[in-house]
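Two complexes, one shared chain (chain A), two partners (chain B, chain C).
Entry: the complex of A and B
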């Protein structure tokens, strides 16, 4: 399994700001190595997040997102103690899910 | 979400410089500081810190042991505060060692890992990558503390003098020394401010800023990596990993930085 994500979620009023740092090489598939061969694409394609089990966020990423991506978004109706779960899937089929509690 | 850093940074810089012209002229230093502020949140160094903590506690190597009994200068297993007192003299090895060479000592003596697995690996690979993660985590445990390297042992004082000689020694194809870039105030190379390292350059600067995550290469750079690249840029042969020369330079810079607060791990361009 890939290295864990770091998730921080902070509630403020009825919203929570969620910050996620993902560990991933994010090869665009456009780089060439020293011998001139293309380094194959290897990057996250899907990120989804749920609040207490209910899906609240999803996005599709292409080759433009850089290595070790940082993602930040706000969720309405989140309060301290709620569970945020984030999942990513990459183009090789690898996936990773991590959870955090809203503080 | 962090898009292609180049496009976003150029757009942001363009916007900053454009608004700067309309108001009081913003210096390039201020613009760079704002760019760095934008990058602060979600420093990928956190990922290396987390990995380092796992590696410290994990049973590994032929001896199937963790590093939790490693003595980094304040007793076996003590991690908080050690970073700001390194390099220092160690009685068991009879030499002055920096953080990374001490980690290699512990990986060898406690875990049975061959030092060559670290010293001969490429940056970011294998046991070298593990040592980098460990160094990041250990250093982070001293964040905010002031540098206070010991100079009580004769070898520590000798290494300071060796480091000072190396700092000013000119050589290589361009006849550079460390001092060529880091010997005066107010110097800059392209867009990077160069701290004067012959004295205390201030909190979180110079010796107090590495290990750092380098956004442009997506790599975690320790002080060993920084010194290696400085020599490479001076067109010197690259120094051996954890060689005495690199440790001596660490003593020179670290003692000069006495009182400066560590900001490690930081984020760099």
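Entry: the complex of A and C
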């Protein structure tokens, strides 16, 4: 299991800006190791988010997203006290979910 | 016995057929390998189901640095003011695989996202918005990458 994500969700008006920092190697599959063999790709493929249990956001990522990825998106209709949960899934099937409260 | 070349040819044909019938999986949690394997912007946009060539549009905005000191972490933000946007894509033209990210837009999120990207070399970066009717609109910006440089 990977390290926890850092999630910050800030409400302004009827929207909330969500910023997420994930902890992931995001190996591109282009690099070679010391013996010249290609390091296999290992990256997050899907990120989804839900507001109070209702899915609101999803995206797909290729290997070109930076290591320890940063993501920012804006959810409509979110107010302080709502729960935002973010889930990622990588191409090895590993997954992690973390939750934060909108402030 | 099939040679590797034949196998590759066959899989390309099958992928083409799938894309043609519109059965290519492109919904949430179905990772679109074909689009992420694409080597050109036109291929990637087509694999995601857009019809026709992308047109430049001022309704799509891409926020990127002019010069990125470190190609491993290039902060990029994209947004669109078009109605009925289905997907926002982020593409880097000279990366080995051009497609970086696909953001699915629905009524509960703003069509405005930010993330950080790896870039192999200086290149044009594209933000593409695909609307519900399958049209693609884009904005582009050139980002210079100075790996190991002092950043000019």
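Descriptive notes on the structure:
In the analysis below, the second predicted complex is superposed on the first by the 103 of 103 C-alpha atoms of A that agree within 3 Å, B and C clash if a C-alpha of one lies under 4 Å from a C-alpha of the other, contacts with A are read in each partner's own complex, and residues count from 1 in each chain.
To be clear about the criterion, contacts are C-beta pairs under 8 Å (C-beta built on N, C-alpha and C of every residue); 3 or more make two chains touch, one makes a residue touch a chain.
Bear in mind the structure is a predicted one, so any value in this text is a computation, not a measurement.
In the superposition on chain A, contact is made by A:70 with both chain B and chain C.
Set against each other, chain B and chain C differ in how many residues of chain A they touch, and the higher count belongs to C. Residues 59, 64-67, 69-72 of chain A contact both chain B in one complex and chain C in the other. Residue ranges of chain A in contact with chain B, taken from their complex: 3-4, 6, 19-21, 23, 59, 64-72.
Touching chain C in their complex are the following residues of chain A: 15, 26, 28, 30, 45-46, 48, 51, 54-67, 69-77, 89, 91.
In the complex of the two chains, the chain B residues touching chain A come out as 1-5, 41-44, 46-47, 50-51, 218. Residues 28-29, 31-32, 36, 72-75, 77, 92, 95-97, 99-104, 106-110, 112-120 of chain C are the ones touching chain A in the complex.
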